[in-house]
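Labels A, B, C, D and E are assigned to the chains in the order they are written; within every chain, residues are numbered from 1.
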Amino acid sequence: MTDTTVQDLAPSSAQKFRQRTLPFLILAAILVAIPMTGPSRTFYTIAHQMGINVVFALSYNMILGKGGLLSFGHAVYFGLGGYLAVHAMGWIEEEAGLWGAFPVFFLPIVGFAGGALAGAIIGWPSTRKAGTTFAMISLGVAELIFAAAFMFDSFFGGEQGISGDRMNGTQMFGLSLGPIDDVYWFIAFWMFVGILGMWAFTRTPLGRLSEATRDNAQRVQFIGYNPQKVRYLVFIFAGGFAGLAGGMAAVNYEIFTPDALSLVPSGFVLIMAYVGGIAYFVGPIMGAILLTYMQSMLSDFTEAWLLYLGMLFIVIVMFAPRGLAGIVFGFLDGFRSDDRGAFLKSWFTTLAGGFLMLIGLIILVEVSVRWSNGYGEVYEPFGMHLSHTNPLTWILFLVATVAGIALTYFANRDKEGAA
Amino acid sequence: MSTYALSLKDLNKSFGPAKIITDVNLDIEKGERHAIIGPNGAGKSTLFNLISGLYTPTSGSVKLHGEEIAGMAPHLINHRGLSRSFQVSNIFINMTVRENVRCGVLNAMGQGYSWWRNIGSNKEVQSRTYEILERCGLVDKAALPASLLPYADQRALEIAITIAGGADVILLDEPTAGMSHSETDRAVQLIRTATEGKTLIIVEHDMGVIFDLADRISVLVYGEIIACDTPENIRGDAKVREAYLGDEEEPDVKEMV
Amino acid sequence: MLSVKDLHAFYGKSHVLRGVNMEIMPGEVIALLGRNGVGRSTTAKAIMGEVAPKGEILFKGKPISGLESHKIARMGLGYVPEERDIFPTMTVRQNLLMGIKDTRNPGRHTIDEMLDMFPNLRARADNQAGVLSGGEKQMLTMCRTLMGDPELIIIDEPTEGLAPKIVQQIGDMIAEIAKTGVAILLVEQKLSIALRIAHRVYVMGHGEIVYSGTPAEFAKRDDVRAEWLEV
Amino acid sequence: DTVKMAFIDPLSGPMGPSGEAAYTSFILAAEHINANGGVNGNEIEVTGYDNKINPKESLVQLQKAIDDGARYIFQGNGSSVAAALIEAVNKHNARNPGEEVIFFNYAAVTPAFTNELCSFWHFRFDAHADMKMAAITDWIAKRDDIKSVYLIGQDYVFGQAVASAAEEQLKEKRPDIEIVGNELHPLAKVKDFTPYIQKIISSGADAVITGNWGADMQLLMKAAAENGSDVPYLTFYGGSKGAVSSLGEGGVGLLYQVTEGITNLDADDEQYALIEEYKERFPDYDYYYHRAFNAMEMFVKAAEEAGSVDPIPVAKAMEGLTIDHAYGQATMRAEDHQMQQPLFISTVSDDVKYGVDNIELGWALVEGGTIDMASAEQPTTCEMERPE
Amino acid sequence: METLVFGLLNGVSYGLLLFMLSSGLTLIFSMMGVLNFAHASFYMLGAYFAFTLSGISSFWIALFIAPVLVGLVGAVVERYGLRKVHANGHVAELLFTFGLAYLIEEVVKIVYGKTAVDYKIPDLLNFAAFQVYGASFPAYRLFIIVIAVGMLIGLWYLLKRTRAGLIIQAALTHPHMVGHLGHNVPLIFMMVFGIGCALAGLAGVMAGNIFVTDPAMAVQMGPIVFVVVVVGGIGSLEGAFVASLVIGLLQNLAVGINASFADIFGFIGLSELSEVGRISISSLAPVLPFLLLVLILIFRPQGLMGEKEL
């Protein structure tokens, strides 16, 4: 062991390629491949929103996961960045000053600047404290800015917001940005840039220091750093990337409304990041993709989608605090471990149990929703006719739930025995 | 006359009505190894807290290389070349050992807050990190998360982080607390090499360690320095024996039996 | 009073206690010796239910293995953990108050008695306990446990990190407590104290009891010391 | 084949009920049309898309609706959303020729939509704010006992439009009337209107004009009742769910509204049957969105005239089209795509055929409360660009 | 003058209502360290339960039973949810309650429908207590004032006279040790949470009929409750009381003021036509609590009467 050298301490270049370069190559490949499948307009619409939310959720995780600061007002930076970008879109249209030549394609940079600037101003007083104080300040600031948005109509445009037209200014890469598949390249490009940028940030001294400050602010001070300064700088970057996402949204929707600054998107980004897993870099990406999908599509299938969202969130908080990414990586670890058999057995039993419980729950919720609405609508999955007066409904629900609980129970009892 | 590495003058600290540190005067030469001993609650840790900037003195002055540092924020004091360890391990448990040390090294290299370079790209940072790990005997554990280190190694890491920033005045608060004999011996060895050429101030209850390491010893009792002398003289000092060491020295196990 | 039979305990996959057996009689002071990391603290924790125990633990004839910790405590088993665990934001007095299990029928000791026993603590009675020095904290935890009127106290390394003079004081204090009829299981490393106040010693090695006897007998067993204690 | 129509409005959240009340009307209307053989042999399918009353979310839903094959979009809740949709539809139609969609606005009544912001792709089936305000101010003009008026409204385009219409029209019709208060409160955020009501009381106003709707209307009425306010409230949306029951008996003769129809107007049996069918199917709501049925009827007629269900021919056929409905005639003015129709001023009464909010009280026409189509008409500044 | 009187009357009654709502949160927050985001949801449950109960029996029975039911729900939530999450720290607890708020709202929608229910003021109290400047002051609001003051006294007694507070405080950081001292920590936690929720429920019973009882009521009240607790100072019941009154008065007095910024700052040349100049004081009313929150946190993080920082 004595002849370990400096180089041996760092990961080998093969490792580096596998862990760092390869994921980005795969991501790029996927992004390029998607349009070849001839996706529908809906697909594009959802995909664009996912792209925006991925960047937004990652930027949120810069402060929550990496910085340990729980914010209830991150949408403020998304919104302010986005608003600035919409205004810039207007200036491009009017050809105000030099703006006439500015490519709409690069508006996310304007968004970044706007978000970072807002972060620099608001972060100054609020990052002096961490913990609950910070959380509460963020809540107060978010409410303040949201309320102010209705007072300054020239910037925020009141209830109906500010809109713009993206088909002006200099064209880049031959993209007019009119049709939706043009916009796809715009979103894909900036999502890639955002992910890459934020990933790179974790690899900088400041990024690492942010984690150290989260874990032990006092110690950081005694090795010569100012934790307030660390938090402040990280906050500015998080604001900037949130603004970048805002800029993407500005081009995609061509409109920004004060709602974008409210507590609702701030709460949603928190849920996205947390459900995905704040301890992992990819966590928020997974969370953003799943939750965007739920938000846009689940609400078509069921009125109770918020109920499912709430339940998903609670289940994650209670049983999988490391989020989806934690589940995935936990599975991979278990799969690679020595007694793969035992692991898989318990894992699949839990999965089956969870699945049965889910079925029971869905039946209960869907039947209740229809019963409650009273329009005489009936839940009819797979051609079954489940009304609340039908005993089959309740038998199905009970059997599934009880069986599910029993299975999970046994799976976890086994686990303890194995320990 | 050269300036002292550290010089305390009429230092006082009270918490409300309680006077914890009373008129402490202490000058420590460059390169000296100075030990502070005293009964529990005498104010040793408090003194460290005053010097390192965690507490602000009620009155008096603290000079580091002749420069006043009393009341400065800890990170500014650190920039001026003073670094400390903690009585309870205070490390970054979610990071690997190497990253723990690197945090300290980066600051010394002036790259603390930089966000435009890759952390792994600077050869100098890497080699300096390696050097410190080696000095503290942690090289083969470099890739382990700090939380998985055995206790003694956590203490070693605590020291490694403390010296990583390249400070020339090092304050160690009970670095060997909770260690077994063999571990203590190793730790003393480590401290000796790690602080080579630096000014060291150490608080310890283990007299073996103190008498082994220190050039001079100060005895702090109820916030006052009652004696400050070489180890031999301190051992013989009646006041010290009464206040701290106890009437008899602790009997060795061998003698007991 | 306390009887432990074939006690096993695990941390994750590592098997730390491998069949510990011991007996403690009422009023007895037992020292549990052993090198660092052999599992002495784990034994204490397993008895108190802080790590999941496997095996039989009887206290006053009743099984306590697997009970919730407050139930164990209410049966008369006190515990002073290695980490001391004082409540840092409360005053010394409040800490002591916390030791009382039932305000309607308090135990033999009063807060004032405790403060009399340790003038150091009296001086700090209304300070936040978090700012006490190491030695003061140790005194406080012992007093706090006494307030609950235990019949047996398990004390884990009370003298760690303390000045030589205080070490002696703590030793005296434990002897004092023992005189009031409370049984004590003392987890120690410093032989000087252990041998001075214990009625019997157990030596632990690799998760098992490897020797038991009186201090006088133990003093003669250089072999045990050499094999299981010295480093 | 089926003609797909998208209903984009809030279907969940606090404003969910507002959207739902209309959605149910459109569903019933579509069912009736389908039962009568559909449009040109096609069935109509109305699908709800929940926009959570957010302009941006509406655009997402719009994309989804278009993708699902919808070429006709209904929306009404909130002029802010409508503004966003008008713009989005204009852009979409410009960027995707051949895939045009038409926006049928059934309730967002900011006048600008059929004036400076008018668009070929937008049709409005409700009378706009200036038209409704004209009805109110005409009524006030005849009441000499009203010497001062208090304006209160929601702080957004529509509320602002109502306030300025009131100011202008009053100045013209009754210059002697003093406007003693002109207050805009945040939209859907006030929980307790007591302070506002107290301001109204202490201003000594003889009448209040408000464009409030939804919860803002209900809560305003609740506070008025609690604090013993006894002046008339002249409203656009007194019919908002819960407003009448909040006032209770106290509302009789004090709460007024202007609408394109109320259940207690004389009508044929077919209309009564419809009202009853609606209530039976959707007991939470009352028959309120008469214009939903008008809009559907007009669509069917236009499609039949055009002999097609494609957007552009239907839109062209709709221009200038007239239908007969239960309470009179209605014409889609070609210049600006604003429906022209008679309006009715009604007030709360305890002597009615159909109550609302599941209580005995309901809406009854006030004397001389019928404004015929010609009197209701307002000029437009629209300069419309039409596809050739 | 009229404005002032109206402002004071409304401010006090609204402020006391806020106090009812936030006292439970103060209790939970100070004792358990849990920032209960679902607190306003329990308030909503109180209103809905009272609606159901007063339908099948009477308001007076609901006044007692509904808070107890809400308390039971709270206890169950603590026992089977929060307790499990507790080990993962405060952020996890907070997030749990955050999710819970969604859940409760949706369940309420399913059970009671999406629209407001008609929860009425009891006839016995449905009259005007007195008249001021032509407006009547409802007797029910007087009743609120009485209940709120009673609650203050009761709670204060509970807190000062029990050792439970200490035990819980200790159990926050050292649950094992507190157990070893013979205290049944989980039980105490469950009770505190239950009582805190019951208090929110009581506020719901009282307020649901003067405001609207609909599924959105929780979301509307949620943030303001935090403002009260934080501004008052963590763990300070007196602080919460003062803060509630301050906020109640501030908001209600502001609504009464018609002046705009231009009227006030006209002397420095702020024009009536500028965007800032047009802002009226009354339109600022909803923002004021949050302004206060941010200012307090920056300049006096321990709150008006709190002892320690958040």
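Just so we're on the same page, contacts are C-beta pairs under 8 Å (C-beta built on N, C-alpha and C of every residue); 3 or more make two chains touch, one makes a residue touch a chain.
A quick map from chain label to UniProt name: A, E = Branched-chain amino acid ABC transporter permease; B, C = ABC transporter ATP-binding protein.
Bear in mind the structure is a predicted one, so any value in this text is a computation, not a measurement.
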| item | value |
| --- | --- |
| Fewest hops from chain C to chain D - one hop per pair of touching chains | 2 |
| Shortest contact path, chain D to chain E, counted in steps | 1 |
| Farthest-lying chain, centroid of Cα atoms versus that of chain B | D |
| Distance-maximising chain from chain C - centres being C-alpha averages | D |
| Separation of chain A from chain B, taking each centre as the mean of its C-alpha atoms, in whole Å | 44 |
| Rounded Å distance, chain A centre to chain E centre (Cα mean) | 31 |
| Mean-CA-position distance for chain E and chain C (Å) | 46 |
| CA centroid of chain A to CA centroid of chain D, Å | 38 |
| Chain E residues counted as touching two or more neighbouring chains | 113, 283, 286 |
| Contact set on chain E toward chain A in their complex | 35, 81, 84-85, 88, 90-92, 94-96, 98-103, 105-107, 109-111, 113, 223, 226-227, 230, 275, 279, 283, 286-287, 290-291, 293-294, 297-298, 301, 309-310 |
| Interfacial residue positions of chain B with respect to chain A in the complex | 52-54, 73-75, 78-79, 83-84, 86, 90-95, 98-99, 102-104, 106-108, 111-120, 126-127, 129-130, 133, 139-140, 142-143, 161-162, 164-165 |
| Parts of chain B lying in touch with chain C, wherever the complex brings them together | 15, 18, 37-42, 45, 87, 174, 177-178, 180-183, 205, 207, 243-246, 249-251, 253, 256-257 |
| Chain C - residues contacting chain E, complex | 48, 50, 68-70, 72-74, 78-79, 81, 85, 87-90, 94, 97-99, 101, 103, 144-145, 148 |
| Touching residues (chain side chain A, partner chain E) in the complex | 70, 125-126, 128-129, 131-133, 135-137, 139-141, 143-144, 147-148, 151-154, 263, 267, 270-271, 274, 304, 306-307, 309-311, 313-314, 317-318, 321, 365, 368-369, 372-373 |
